[in-house]
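Letters are used for the chains, namely A, B, C, D, E and F, taken in the order the chains are written, and counting of residues starts over at 1 for each.
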Amino acid sequence: MRPSGRTVSQIRPVTITRNFTCHAEGSVLIEFGNTKVLCNASVEEGVPRFMKGQGKGWITAEYSMLPRATHSRSGREAARGKQGGRTLEIQRLIARSLRAAVDLKMLGENTITLDCDVIQADGGTRTASITGACVALVDALNWMRAKGILKTNPMKHMIAALSVGVYKGNAVADLEYVEDADAETDMNVVMTDTGKLIEVQGTAEGEPFSFDEMQEMLELAKHGIRELFDAQKAALN
Amino acid sequence: MRPSGRTVSQIRPVTITRNFTCHAEGSVLIEFGNTKVLCNASVEEGVPRFMKGQGKGWITAEYSMLPRATHSRSGREAARGKQGGRTLEIQRLIARSLRAAVDLKMLGENTITLDCDVIQADGGTRTASITGACVALVDALNWMRAKGILKTNPMKHMIAALSVGVYKGNAVADLEYVEDADAETDMNVVMTDTGKLIEVQGTAEGEPFSFDEMQEMLELAKHGIRELFDAQKAALN
Amino acid sequence: MRPSGRTVSQIRPVTITRNFTCHAEGSVLIEFGNTKVLCNASVEEGVPRFMKGQGKGWITAEYSMLPRATHSRSGREAARGKQGGRTLEIQRLIARSLRAAVDLKMLGENTITLDCDVIQADGGTRTASITGACVALVDALNWMRAKGILKTNPMKHMIAALSVGVYKGNAVADLEYVEDADAETDMNVVMTDTGKLIEVQGTAEGEPFSFDEMQEMLELAKHGIRELFDAQKAALN
Amino acid sequence: MRPSGRTVSQIRPVTITRNFTCHAEGSVLIEFGNTKVLCNASVEEGVPRFMKGQGKGWITAEYSMLPRATHSRSGREAARGKQGGRTLEIQRLIARSLRAAVDLKMLGENTITLDCDVIQADGGTRTASITGACVALVDALNWMRAKGILKTNPMKHMIAALSVGVYKGNAVADLEYVEDADAETDMNVVMTDTGKLIEVQGTAEGEPFSFDEMQEMLELAKHGIRELFDAQKAALN
Amino acid sequence: MRPSGRTVSQIRPVTITRNFTCHAEGSVLIEFGNTKVLCNASVEEGVPRFMKGQGKGWITAEYSMLPRATHSRSGREAARGKQGGRTLEIQRLIARSLRAAVDLKMLGENTITLDCDVIQADGGTRTASITGACVALVDALNWMRAKGILKTNPMKHMIAALSVGVYKGNAVADLEYVEDADAETDMNVVMTDTGKLIEVQGTAEGEPFSFDEMQEMLELAKHGIRELFDAQKAALN
Amino acid sequence: MRPSGRTVSQIRPVTITRNFTCHAEGSVLIEFGNTKVLCNASVEEGVPRFMKGQGKGWITAEYSMLPRATHSRSGREAARGKQGGRTLEIQRLIARSLRAAVDLKMLGENTITLDCDVIQADGGTRTASITGACVALVDALNWMRAKGILKTNPMKHMIAALSVGVYKGNAVADLEYVEDADAETDMNVVMTDTGKLIEVQGTAEGEPFSFDEMQEMLELAKHGIRELFDAQKAALN
């Protein structure tokens, strides 16, 4: 039924390449099938003005698609002079999700910025970004500990994210672009490796969805995200 | 347990005033307790460029808070020269939700813009906006039918929205500001009066939430939103 | 002769509602007939950078029309990314006028911002804004005295403003929209309750005006503004 | 009493140089003492979108100060990314004033833009701009007639402008910078050579002004502007 | 003498990977040592407005550095709301250079956009961009011929670019970052494979350079660029 | 052969007028034939943030064309809300060139801004700007010495700039607009009066240029710029 021949619960092959670039404190290329996102973590001393003097750190994120990451070229946001609503929405989601993974007090007055730049898009760029950024964040925190900036590990739990949806009447996991474009419902789920939820964002693109479909999608997400945690662990060892 | 003395499932008094201003085709002041939002629906001939020639209409939304809708004054977005990420996120949510209520083909090549301006804020401004905008939309569509622009009613179902959350360990409905600021989890739910879901956006502000808490919040939303549909119907009769 | 049947010197009914919203230190809804403006006064400690260290306070203003305050919808300035020339011109006028009402030395290094948001427009929005903002300013200064921030009252005199013009060859007071659109000359006059002038801005929209017409308009303004001072006083008692 | 030793009604020497640059259809350098403004008139076929199809022309204006036209350098508006409120207010005044000088129907669907760039500032830049732009406009209209674009002269009357004010308790004409900075009241008056008023903009910078002072300022303006019309005529012969 | 141990004329290893991403009509990752630039060529029907109706095509370019392409993170231009002067200067250079490689008449009314995104920077990003973009352009033109959009090959000659400079008193080829930061002179040279010059941009960063040093740098560029043409040819076979 | 009848090496008459305006510390109107640029040097205490604490000064530049400096009117950058790529490129060139003329350590923590505003354009505006700005800079440094801000002269050498090009197959010096629009190659050369190069920017607008043409252009520049140094010296005595 699915264009790729995958089963409803089958996610695409996931590849995580650490140290993809040489300057960032954490640099991960994550691939969910044909979706490829470069996630760079940058450590900077100090925090933004609104956080000053609280003895806490800050984690933020920026998201962007290269203009030709998609089938047809889309205008460069820097040239248009502003980031679009979709971009802002996604980078706010990435940042909130990663902040939920870290004890900001233990981070001290330092800022980590997660830059998620989509090199190639085939659906699921925001969930790939979150999953890859979490690995880049681990590397950045390890770098801080190696440098003596941190004594302990402020990571509370790993997080990962998966898109699920209702496609041709069935709940399916990890939608690729051709499915996403046709899906009745699209839902992004961010979870911790302790089995709890960080974010659930479900949207009826076409027909409204039932409470039962909601349950099915959550179940698919729970199982699919477990595979992402395995991929993260394998990459980190 | 709740600052207002409300029970966990009790929503605030809802007031819906139609024809609040005189120029808009639909003009509704909606109040959820101390939260007051003016929802104006404007009908314009034609559709945005990306929709042209498809024989379909368009529904869009803009959201704004008056600078002193809140406890302390926040800078005016027009003066700062751009809309913030939160604003864009909310107005995209409102627009998607209302589009899901209407058969765009039956709307013809017309655009309806829903302006939701928060006069006074006390939590739940986005859900009040959606609930009030739906009534303004009904009035605008009736105006179009009275003018002969539409022959039939393109409304597929009414929609309404409620915020629910986890506050001090309990799932509660319709958070006001003091609860929202302290809540562990905040979730906005948009439903149809046929009992289906349009949007679910749950966010762990502090601690991650469990699948069980997710269920409790959905149940509270389902019941609370029924009361909103009653208020909409009362206002429209 | 006038569309409303008013005499040339007759102003529209004026309604002033204090405490219209609950958060601002001064919050006034002023109505000149169908023109409705919400004037919120916000008190903030400190002054803008260019005023620092002079031991003086600052009063500023921002003006905006809700997109559907008018017959047809106009684009939201926040969405367009800048405030238009008309908006800037009006808010500069409001701010200058209100600053002329207060002894800035006695205000101390505090800033009061007057947000004038037009809910519904039918001509005379800038003069209604000034007249209503003056009442909101009084309430904000009283709040400061009640809080002990001010020992004395820095108000030098009340101010109020009225539009006058030449319509179909006659000088008339308080133009509503249909008159304003057709007027040969439009003039805004800001006065003190001690009978002096703060601002006079007369513009020939069509034909130039004579020195005699100028005198007639000033006379109408002088008398009409007295009624506004009465309305302010009634509201404040 | 005046820093320059001038009498209260004495204006500064006025110099008008036509054809100051070679490309514009009208190009005038106007000097009011040390204030020097280059006024270029550009003729373009067609009108802005909001004027299309009315068979009428359009006259608009842009105003700018070179960054070092003043005692200390002010930031370049192009570098800051927006025109300030003062700039917009002034260029709106210039445009309105010049539009009042011309029969737009007779102009046909053509646009004339008046660029007023202040080379050196010493008070009165907006009134010098209007007075100089009127001469540049005459030259541009003559160019259009010579080219056969216009058959008749659409100029209804000449216009000129002067600043007057209350300085150390006396009404004075044509304030230079040191007077302007200290003046209690500043008023700009735009008149036709038929003795009528186009714009009157009076502002109490310090103390409010009386109706009598208003009359004195208007009288000074009336007499001073006559000298400006003489200077315009001399330059055009 | 050089930090890398290279001789003065020795360029870094050059790697050219075609089809690096799957959507663009031409997609090349080019590496000059540690400098890595992704060059995507996008074909679009039509030309910008200023080129319409001339029967000619257009080639344009956009350049960007990922925020963490460099040692420390630099702000994202999309977030700051404008492209910096350096970015604009570089993308204008890339576009001019590539336009010089193509017969725009033979291209027909089509536009090719070359997006050069720097994944990792170590000096010479603009010359790597030009050299890689030329290969992506060849692939895009071949795609157009395969699709039947073009009958003939509009490519006039291959182009490639190299940075040369004066470092510690010696002319050297292909400066890497540590050399560039210390160089007295930096010069970018764009050449055709027919041995002619397209662009020469030499800048004294510290001391002025002599006409003799200018000659030495040009000679180094001429020889180094020949190696780049070899690398391009190898990649294209 | 040249439209003006000049020989290939003949530059246009150069006029340098000092003290053109009265407020700037250095104010020069430079004319290369019909090209007229006003170059104002402004001295300010302190340096930009990125230069703080290094005990060095800073020299920067801004460039602008008045809207009607050219044959047809071009939009004002302040109105469009950003400076174009050409403007940024030119002002970066002017600033780099002038910085190369001065020992920034000897300048102390002071900033000199060179505003180059083109009053009338006929080709060569950037080279006229550099040549004129150097004279304005000398005047500003002399003003600083007269005020006691500087003890010694931080000027290392004079600089001047000339455009050269290939026009109808011949290398020519100092292109005016009609030549520039038709030239195959355009090259700007900035030199010191000690005979060394600061900047060389050559661009093939049409056909690529040979290494021999490059030499011819450099020779023409060398000789033409000597005449500019003579004009600078004459103006400064």
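The working rule: a residue touches a chain if its C-beta (ideal position, glycine included) is under 8 Å from a C-beta of that chain, and two chains touch if they have at least 3 such contacts.
Which chain is which protein? Per UniProt: A, B, C, D, E, F = Ribonuclease PH.
Because the structure is a prediction, the values reported are computed rather than measured.
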Partner chains that subunit A (Ribonuclease PH) and subunit F (Ribonuclease PH) have in common: E
Contact-pair overlap exceeding half with E-F, pair selected from B-C, A-E or C-D: C-D
Chain located farthest away, centre of subunit E (Ribonuclease PH) as origin (C-alpha): C
Numbering shared by both copies at the subunit E (Ribonuclease PH)-subunit A (Ribonuclease PH) contact, with half separating same from different: same
Averaged-CA centre spacing for the pair subunit C (Ribonuclease PH) and subunit A (Ribonuclease PH), given as whole angstrom: 50
Centre-of-Cα separation between subunit B (Ribonuclease PH) and subunit A (Ribonuclease PH), whole angstrom: 28
Centroid spacing, where centroids are CA-atom means, of subunit D (Ribonuclease PH) and subunit F (Ribonuclease PH) in whole angstrom: 33
Subunit C (Ribonuclease PH) and subunit E (Ribonuclease PH): spacing of chain centres that average the CA atoms, whole Å: 59
For subunit F (Ribonuclease PH), residues contacting two or more additional chains: 81-82
Ordered ring members, subunit A (Ribonuclease PH) first, subunit E (Ribonuclease PH) second: A, E, F, D, C, B
Residues of subunit A (Ribonuclease PH) defined as touching subunit B (Ribonuclease PH) within the complex: 82, 85-86, 88-89, 91-92, 96, 100, 157, 187, 191-192, 194-204, 207-211, 214, 218, 222
Interface residues, subunit B (Ribonuclease PH) side, partner subunit C (Ribonuclease PH) - complex: 21-24, 27, 34, 36, 38, 40, 42, 44, 62, 64, 66-73, 76-79, 81-83, 87, 113, 115, 117, 119-120
